[in-house]
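Paired with chain B in one complex and with chain C in the other, chain A is shared by the two complexes that follow.
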Partner chain A sequence: MIAFEYIEPESLEEALALLEQHGEDAKVLAGGTGLVNLMKQRLVQPTYLIGLRRLAHSPELAEIRPNGGLTIGALCSHRTVETSALIQHRLPLLATTFQHVASVRIRTAATIGGSLAHADPNQDPPPALLVLDARLRVQSTHGEREIDLNDFFVDYYETALEPEELITTVVIPPQPTGAGTAFSKFLPQTHDDYATVAVAARISLDGDTIAHARIALGAAAATPLRAKAVETALQGQTPTPKLMRDAAALVAEEVDPLADFRGSAEYKRDMAVVFTQRTIGQAVTRAREASGNG
Partner chain B sequence: MASLVSVGRPAGHVEGPSKVTGQARYTADIRLPGLLYGKCLRSPFPHARIVSIDTAQAKALAGVHAVITGAELPDRRIGRFFLDKPVLARDVVRFAGEKVVAVAAESMDIAEEALTRIAVEYEALPAVFDPVEAMQGNAPRVHTDTSAYTHPPVPDFVHPGDDRLYPDIPNVVSQVFYTHGDVEAGFSQATREFTHTFTIPPVHQGYIEPHASVVQIEPDGKVNLWISNKTPFVARSQFAAALDVTEDRVCVNTAPIGGDFGGKGSLMDSVVCYHLAAAAGRPVKMVMTYTEELSAGNPRHPAVITLRTGVDASGRIVARKAKLVFSCGAYSAFTPLHTVHGSVHAAGPYRMPNVEIEVFRVYTNTVPAGHMRAPGAPQIVFGVESHMDLIAQELGLDPLEFRLRNTLVEGDAAPLGEKWKKIRCKETLEAAAREAEWDTEKAAHIGRGIGMYDREPGAFGPSSATLSIAADATLTLMTGAADTGTGSYTVLQQVVAEELQIPLESVRVVQGSTDSAQWEVGAGGSRLTHMAGQATLAAVQKLKAGLTAFAARHMESPPEQVAYRAGEFVNTNGQRLALPRLMAALADREELPLRYTGEYVAEDPVEVTSFCAQIAEVAVDPATGQVTLKKLTTAHDVGTILNPLTHQGQVEGGAIQGVGHALTEHLIVQDGAVTNVHLGDYKLPTSMDIPELKTVLGESNAGPAPYAGKAIGEHSNVAVPAAVANAVFDAVGVRLMDLPVTAEKVYAALREKNSATRND
Partner chain C sequence: MKSIRLRVNGQAVERDIPDNALLIDLLRNGLDLTGTKEGCSVGVCGACTVLLDGQPVSSCLTLAVTADGCAVTTIEGLSEGDRLHPLQKAFIDYGGFQCGICTPGQIMSAKALLDENPHPSKDEIQNWMMGNLCRCTGYYKIIESIQAVADGRVTP
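So, the complex of A and B:
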């Protein structure tokens, strides 16, 4: 690792002022589970490291609040999201998804805002947050804006975040009533691994037909992605096994997997189809249960 | 054995509390005044000529105290058996990861920064990565001239074979033949013949502690070395040879070892660490990163195993011919022998009158291979046991039935002619089959597979142990053997407590440095419980005899009328003197300390082996190829178990290592370089990946260790990959000929099978 100056701001304002001042020379350290690895490998060499430890109790950055939907402070750890009673009750998909991330030691350190800013396409939370229509509230000394998560991931480890901006809150809007959700993480090697492919689905039913479908994948391209062709094929249709199989097959054209130690591009593409089909099936089952048709 | 007070009881590791409380100071924890940190620049090329090296900018960096290149060092090669490895590359690099320049600096950060300021110009040379290709006439030569490479004679404890070192075959380091019977005559009796080839990738030992070395040179030139090494006395010999000094000029100090699994037997960075310390005039510490471990450690040999077997009309094996090709990487320096001695297992624990095994170790431009738990055996047994199932399938026999027709039984000669006593191969296999419910119905896509192995207790090299009673009347056992995490200190402590019939905790166990302990080969080859155990037993006998004389004087009895029984001396008048009282009396009289050293050299070949039969039960997801290991049964033919806790620890730890070898672990080598260079990408099994494990122990009092113990350290890891591959075939009908058994490979094989079926 190369020497850097470590600064711990006392307030959000001070943190934003430091980001404004140092711009691309600075990196923000939250849980450190992603950034420190990059620094050790000298892939990232910040001159200034802005540690957010002292902001860990600021209400805006560290709390989970019901707010029509729900807001999650960017400094909430994965473990906090996983174990929050409010999230387990309102958004069981998130609690389940966060439970799949790495190990309990990593989850205790890693923050939700930090992992989104890290933008590793192999992470588990983004597909789940995408199907929940999440938005990110980001702030700089110039003010605040919201970014739809669909627009946030730009490329491999690249986001729409400006160097002087900080993610403060993850905003999850109210969910359709009776929606069924599911998350699948394919781990063919060990349980402590990134996904070979991850799929999240949210399906809401109107009687016998699919009213809304959201399907998103991780580890399937240079960024997390929404499978819009699959969603369109499901929309307004009756979820028969054939429909779900045919719709899932469309994901093969939407993914653009990178070959890595978790599988070749071809294998990941095939597995994206398998797990899209399985995840849709689980979400439909849950939606039927929720609407009393189970 | 009803009187056993200590042996046979579970005892936790004597050094365990210091490890789990963080008090244990490993080599990497050592702090010395003026300590510098060493780091090496490594070659990015698998084979290249070094055109030039410019170290000026590194030398100019503040805090850098030494920068050395191969050209500045004596032209002396190092190694364990073959001395073929330069300390730093000279003129040529032969694998991606080879050390080229070494730096010592005041901090690790400065040392790393210095490496970025070194410019090395290389000219790439043609390289060869596959050992079979490397043996062809047109293959690039990894070493153009091996005539100057020295080695000692082949030691006599090695199974006798026809040994040819550096034969006239491209890149071949050694070619060894083991034969028994007449293999061609055997094949002429066969009604069917089968030939299969298997490929096994390199795997890393996966210890938690990476290699570390600390070197301190005293003003008079004496060298203090701390090194994570399982055989300190052997390390001293090799290190002194590398420095061209006599052994008394080197002291190898002790530090706990954070896992070995066979990989901690080499000098690794210690020699370059010495040269840095000499150049800087200050002590130097070098700790490898895990990236260095994975890309430039000393992994298990990758292998290509070809087996040809002849079977007669009754399903009995009549001949086996094996060709085993091991890649030893760019240097042969990391292995203690000329060959991979697991090769003798190429016939398996089966009755076969005619056997010929041909073993090659071949240079390639890849990371040099070393030893790992049962060296050679997991590779060969993956081949042998997969081959057995393939034959059974062709013969239309159940894999269990085919094995039972061929397993060794009492009275049989082993495949290479060894005469073993108390052969319990069939019994062990039958016990595994019972426990695994081999004959019960299975659901769809569930399969069971068998793997078998046998291994004899290690019986080589001298061992020694010293019992001393200090001036304060405390009893200490000093061993020169490092406990690599197996529990050897505890087992030796149990032997002393047992013989003296005293509480375990009244015996202190310490590992002595090479200056304080007696010469001892150390850990390796499943030898410590046997060899160091017998040496400890001998030390206790001497202590008993010595103290009996003192007790007799104290009791005013003739020595022949005094005996030691259950913790006290008793004379023929019934007078008693407890051991602690005698020791206190000796302390009072200032007759302490007393020292008694026991030594042990195995006299005859060990006439027993231990059989192991394993059965894996897997579920395969046909849509993804994912293999879930649901249950593993491991049955062992064991001797007296000295410590059930550490014994089971070896069984379980080995089985888990086997699970990793079977399903997830492999160093992925592309263009000669290892690409999965951290533990996020090199997948060791986690606690969540461990299946239900059923252990079956069939005890017999047939071993050479004290109290008729055998060995257990290198048994349960060996046959798991074969058992898993056989189970996958049983589940979904696809056969993998290479490791690991990954989901993607099974998926591809299933697709191929399905399309073949469709096209039929």
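So, the complex of A and C:
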């Protein structure tokens, strides 16, 4: 790891001022499980490292709050999200998804804001957050803005975040009544690995037909992605086994997987279809249960 | 350079360290606590697990400067003189290790589990411990060792 100067701001204002001052020469350290690895490999070589440890008690950055939907402070660890009674009750999809990330040791350190800024396309939380219509609240000394998560991931490890901006809050809007959600992670190797493909789905029913469908995938392209052709094929239709199979097949054209030791591009494309179909099926079952038609 | 003050296994420690020093290097090279092992160096294998304010972390991914003001517990901090911690005793009694290089990390992870959940089920043990790799294929014995402590079958 190359030398850098480590700075530990005492407040959000001080952190933002440091980011404004140092811009692209600075990197922000939250849990460090992603960034320290990149720094050890010299893929990232900041002159200044801004550690957010002393901000971990700031309510805005560290709390999970009911707020119509929910807001999750960017410095909440994966473990905090996974074990939050509020999230388990209100957004079981998120609790389940975060349980699938790496190991307890990594989840203890890694934060939700840090992992999103890291933008490794193989991560588990982004597809789940995408189907929940999450937005990110980001701040700089110039003010605050919200970024729709659909617009956040730009390319491989690249996001829409400016160098002087910091993610402060993940905003989950109120969810459709009676929506069913599901998350699948295909892991042919060890349980703490990144997915070969991961799929999240949120389906809400209006009687017998699908009122809204959200499908998103991780580890299936250079960024997490929404499978919009699949969503369109499901929308307004009755979720028969044939419909779900035909709709899931469309995901093959939407993914653009990178070959690695977790599978060839062809294999990941095939598995994306299989797991999209299964995940839609689970979400439909849960939506039926929620509407009392189970 | 940064001056840091922390407690390691209950002892107050003050050191001047480079900003980019890792906690594992401070422990092993700075404090001669070589019980903590470095395996993969990328946070996957769990060999370097220590407790930072009671929470399990990969010391190979933790900057030493971020341990300033914290309490660190390593494998050396578990026994009281010759009196082994129940987990250490159990790993011996139940054959929870072969070559031993993963063992300090296994035991520190298991300690974090039992501190949070003193009576875990077998599933809970397996789920918690999956981030600690053993290449001697000793997983069954590792789980049995932890289960024995959870069930109160080990007296130190």
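Just so it is clear, the second predicted complex is superposed on the first by the 294 of 294 C-alpha atoms of A that agree within 3 Å, B and C clash if a C-alpha of one lies under 4 Å from a C-alpha of the other, contacts with A are read in each partner's own complex, and residues count from 1 in each chain.
Following the convention adopted for this analysis, a contact is a pair of C-beta atoms (placed from the backbone, for glycine too) under 8 Å apart; a residue touches a chain by one contact, two chains touch by 3 or more.
In this text the structure is predicted, and so the values were computed from the model without any measurement.
Q: Report the partner of chain A that touches more of its residues: chain B or chain C.
A: Counting residues of chain A touched by each partner, the higher count goes to C.
Q: Quick one: classify A:Leu86 as touching chain B (first), chain C (second), both or neither.
A: So A:Leu86 meets neither chain B nor chain C here.
Q: Between chain B (first) and chain C (second), which does A:Ala56 come into contact with in this model arrangement: first, second, both, or neither?
A: After superposing on A, A:Ala56 lies clear of both chain B and chain C.
Q: Output check: A:Ala290 vs chain B and chain C. Expected answer is one of first, second, both, neither. What do you get?
A: neither
Q: Thinking of the overlay built on chain A, is A:Ala229 touched by chain B (first), by chain C (second), by both, or by neither?
A: In the superposed model, A:Ala229 contacts neither chain B nor chain C.
Q: Examine A:Pro188 and indicate which partner it touches, taking first as chain B and second as chain C; both and neither are also allowed.
A: Touch status of A:Pro188: first partner only.
Q: So in the superposed three-chain picture, is A:Ser264 touching just chain B, just chain C, both, or none of them (first/second/both/neither)?
A: A:Ser264 contacts chain B only, not chain C.
Q: On the A-aligned overlay, A:Thr108 touches which partner chain: chain B = first, chain C = second, or both, or neither?
A: second
Q: Applying the touch criterion given at the start, work out whether A:Phe4 contacts chain B, chain C, both or neither, answering first, second, both or neither.
A: second
Q: Identify the overlap between the chain B-contacting and the chain C-contacting residues of chain A.
A: In chain A, residues 1-3, 103, 190-192 are touched by chain B and also by chain C.
Q: Touching residues of chain A toward chain C in the complex: what are they?
A: Contacts found on chain A: 1-6, 8, 29, 32-33, 36-37, 39-40, 49, 51, 53, 102-106, 108-109, 190-192.
Q: Where on chain C is chain A touching in the complex?
A: Interface residues on chain C, with respect to chain A: 2, 18-20, 22, 41-44, 46, 49, 55-58, 61-63, 65-66, 109, 112-113, 128, 130-133.
Q: Mind listing the chain A positions that touch chain B in their complex?
A: Going by the criterion above, the answer is residues 1-3, 103, 186, 188-194, 196, 261, 263-264, 267, 270-271, 274.
Q: Note which residues of chain B are touching chain A in the complex, please.
A: 109, 112-113, 623-626, 663-664, 668, 675-676, 680-681, 683-686, 688-689, 742-744, 747-748
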